[in-house]
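These are the structures, in structure tokens.
Here chain A shows up in two complexes: once beside chain B, once beside chain C.
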Partner chain A sequence: MRLAVIGAGAVGRSVVELAGEYGHEVVAVADSSSAVVADGTGGTGGPGSDGRAGVDPDAVAARKAERGIVGDDDPADALAADYDVLVEATPTTLGDAEPGFSHVTTALERDRHAVLANKGPVAERFGDLRAAVDDSDGEIRFEATVGGAIPAVSTVEDIEPGHVTAVRGVLNGTANFILTRMAAEGLDYDHVLAEAQDLGVAEADPSFDVDGTDAALKCVILANVLSFGAVDDPTDAREFTLEDADVSGIRDVPGSALRLAAEDGRTVRLIGEATGEAVRVAPRLVPENGTLAVSGTQNIVQIETSHAGRLNISGRGAGGPETASAVLGDVGRLE
Partner chain B sequence: MSDRRDGAPEAALDAEDAAAPVDGEGGDAPSPDGGHAAATPSTHTVRLELVDEPGQLLAALHPIADNGGNLLSIYHERGNKTPRGRIPVEVDFEATPERFEEIVDALRSEGVNVMQAGTERYAEEVTLLLFGHLIDTDLSDTLSRIEACESASVADVSLAAPQGTEEASSARLRLEARAGETEAALSAVRELATEKELRVVEPLTGVDA
Partner chain C sequence: MRLAVIGAGAVGRSVVELAGEYGHEVVAVADSSSAVVADGTGGTGGPGSDGRAGVDPDAVAARKAERGIVGDDDPADALAADYDVLVEATPTTLGDAEPGFSHVTTALERDRHAVLANKGPVAERFGDLRAAVDDSDGEIRFEATVGGAIPAVSTVEDIEPGHVTAVRGVLNGTANFILTRMAAEGLDYDHVLAEAQDLGVAEADPSFDVDGTDAALKCVILANVLSFGAVDDPTDAREFTLEDADVSGIRDVPGSALRLAAEDGRTVRLIGEATGEAVRVAPRLVPENGTLAVSGTQNIVQIETSHAGRLNISGRGAGGPETASAVLGDVGRLE
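This part shows the complex of A and B:
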């Protein structure tokens, strides 16, 4: 498959770097201000050092690192490039989910596929996206938006959403790292947050993670998969957005609460729950050695099924190569 | 006395076992001899919770006798108290499976709290955390208001107030909820917490993760 990768953060760069290993070719890369489009004739992207006609991943990485741009073309050129699959890996935005949403619909209007690592469009405008897909020969996939490397969406699809009663889990590694460290070291939130920021586990502004927004978006996406997947006519499905989620974060959880939990063989985890009817994210008491009490930045997705009991999948919920592997898995499913 | 008590869960299991084949036949076809299968009485054990007042025991036994239960034994644990401060009573009686259901319903409609019937336990335990200004918002009032809610009683409280009474503190509460009323109990706690600007960390109920 020929890929146009929009977004050159950790995920986008990893997709560019790993695409060849999965048998795909990157024909265009764009970040917010620049792009490189392989014209197959040795233009800016040129034939790569490996002799392929696509964009040279090393050259893209070098330009991004040295000059802060991916190439000398315009981002619009990447959107107009001759690709089979558009990979939308720009940062998640809420509300109208732009510019990610338009990137995806542009691809669909050209009857191309889109694979999203950006949660915004699938969490905030799922109905609009479904409508765009219905008018197109292209499809969308978005495994990378939920649980990084964990195949959550495709597992739910394999079981069939109508036979999945609920999906829950630990879906934010930063919040989980903080809760794990607070319980293990008996430290308060502020201490552990500073440590997490030093380690690069938490961002300078950790709100998105510690207030539960990120986990909520993932659960909203799962709720949309369950809701739309369980009906024949999409107009019967309930659409979820972040506004429909009942969210509370971990910012004010005191160390003493974790100690009291530990005395009783329990611990606290930021648990997200999604059904076709509701989305809820909150710190919850779970057994200390239970399945859901994953430690550090690990994530876990627990799928409750009508006929097959419960499935647990744990693994790395974030990271460039991890998330890129989910993106490239989706690309493979579109072949 | 204590021997009798230890034997109880087993007796309850036996009773359930004995009832099972009868249920099976009843659901299928008439038994070979043509009689109706559900008529065989078997032994059942129920655990009740009574207020420590005169006449309560008798009042609890009436629904059993009146609905065709044949009383076998009564174990009145006067020395023990349930988390709700009531007296646990264990009653063995013979009844057909059909009558047994009617008896449990009758006990309930008389306002008797049935904690366990056969192997089924009707009291649910739920542990949760509360944090915030627990002391400033009058912890004993918080607890007595949870206690006052029909669905649950507070079985156990642990408090941690590491920064003294003015800073945020945490409490771990173990609640004993009536059968099927855990959700009602949790929502009562949730409401109270919202009113007092406390935070609740609820357990994942129904998930033995």
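This part shows the complex of A and C:
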């Protein structure tokens, strides 16, 4: 498939780097201020170093590193390029979820597919997105928006949303790293947060992760999959946004709570849960050696089914190549 | 989709019972000596109690329980019925994998799809099956042959076999139940086996499970998926059968070995591993609270990937409804 990759952060760059290995061709790459469109599709990009037509991944990486741009074309040129699948990998934005939402609907209006790594459009405007899909010959997929490399969305789709009663899990690696270290070292939140920031596991402003917003967005997306997937007529589905989520983070979890839990063979994890009716994220007590007590930056998703019991899927919940592999798995499902 | 279900054991009967819930219609059911084919497709079966056309699940279950037959038609009538997907749920046989192999190829020759719960054809004659698929408009799927409800095959397919370096795990619930009880109670193999047989967890002849044959067949199937999935030309793929597997079971694991392991924070599990080059099944030491140390009849599959690290998927590895849900998930993927 011919891919236009919008967004040149860790995920976008990994998609550009790995696409050829999956038999796909990157015909355009854009960041917020620049773009490169492959020759023959109206741009200045040369053939790849592997001899394939399409954008040269190494040249994109080099320009991004040296000059802070991906190429000499305009971002609009990438959106107008001749692609089969638009990969939306710009940063997650809330509310109107722009500019990601418009990037995706532009692709759908052209009857092209879109694969999202950006949580905004599927968490905040799922109903608008479904409506745009209904008017298009293109489809959308968004495995990369939930749990990085973990196939949460496609597994729920295969089981069929009508036969899934709930999905819960540990969906934020930063919060999980902090809770794991607090329990292991008997340290307080502020101390471990500083350590996580030094290690690059936590952002300078960690709010999005430690307040539960990121985990809540993932659960909202799963709730939308469960709600819309269980009905024949989309107008019968309940749409969820971040506002519908009941969220508390880990800032107020005292080290003493973890010490008390440990004496009882338990520990604390930030658990998100989604059903077709509700979304909740909160620190919860779980068995110390239990399935939900994944360590460090690992994520886990538990899928409760009507006929097949409980499925547990754990793995790397973040990372450029990990998330890019979910994006490319989605592209494969569109073939 | 219209299903013909061949085999009326726990899995076949669960597929018949659940198909309607997944929006499918069972038009024929056969066991080894009898069949029922729905009216309008040349048989004696009445409409379902839910008013749908097709075979009545309750009537099939009642006849099987009371008279040991599923209906008054001939098994050949079911194979000749007007179905979209043939569900092969007869017992696994080795060597020529008959009669399952012929059931599947008959469907493919008619350009119909086949979904297998029977491990024989995909473990013992994968190359012949691929060749039959290449000559057909029908496809085959076989998620139910590996790990019951666990989506092992489809997850490997989505990641793409060329990007999976190995698949390993605990793939036999009977052997795992025995090892779990031996470790928990400090009992020897023979004692726990007798207990498992009383509970119906182990067969009167437990060889297939405790000697590692069942786990090996599942690993052989995964090795074939990895080998054939990584090449463009099937003739370049290495085909695996049970004969290619290096297998040792759990009969010779002494209780003392489990006690020694426990002193070291470890335990013993029957671990199967498949790559595109080899298949191995043997009892192995694993961390007592580690990911591979699933308890009782649980199964776990670990997928090692090139770009996304390790994925762990655990759940119920056996059971009628659990395995039927994998079959119906495959049917859904064929739509």
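Things to note:
Everything below uses one rule, namely that the second predicted complex is superposed on the first by the 332 of 335 C-alpha atoms of A that agree within 3 Å, B and C clash if a C-alpha of one lies under 4 Å from a C-alpha of the other, contacts with A are read in each partner's own complex, and residues count from 1 in each chain.
We take it that a contact is a pair of C-beta atoms (placed from the backbone, for glycine too) under 8 Å apart; a residue touches a chain by one contact, two chains touch by 3 or more.
Since the model is a prediction, treat every value here as computed from it, not as a measurement.
Following the overlay on chain A, a side-by-side fit with no clash is recorded for the pair chain B and chain C.
Contacts of A:S314 after superposition: chain C is touched, whereas chain B is not reached. By the touch criterion stated above, A:R333 is placed in contact with chain C alone, chain B being left untouched.
After overlaying the two complexes on the shared chain, residue contacts for A:G68 are found with neither chain B nor chain C.
By the touch criterion stated above, A:V253 is placed in contact with chain B alone, chain C being left untouched. When the shared chain is aligned, chain B and chain C each come close enough to touch A:T291.
Between chain B and chain C, it is C that contacts the larger number of residues in chain A. In the superposition on chain A, contact is made by A:A261 with chain B only, not with chain C.
Our summary of the superposed model lists a minimum C-alpha distance of 12 Å between chain B and chain C.
Shared contact residues of chain A, touching chain B in one structure and chain C in the other: 291. The touching residues of chain C, when paired with chain A in their complex, are 14, 18, 21-22, 148-151, 154-155, 158-160, 163, 289, 291, 305, 307-316, 319, 321-322, 324-326, 329, 332-333.
The part of chain A that touches chain B in the complex is made up of residues 168, 248, 252-257, 259-261, 263-264, 266, 268, 271, 282-287, 290-293, 302. Interface residues of chain B, counted against chain A in their complex, comprise 127-129, 131-132, 158, 160-162, 168-172, 199, 201-204, 207, 209.
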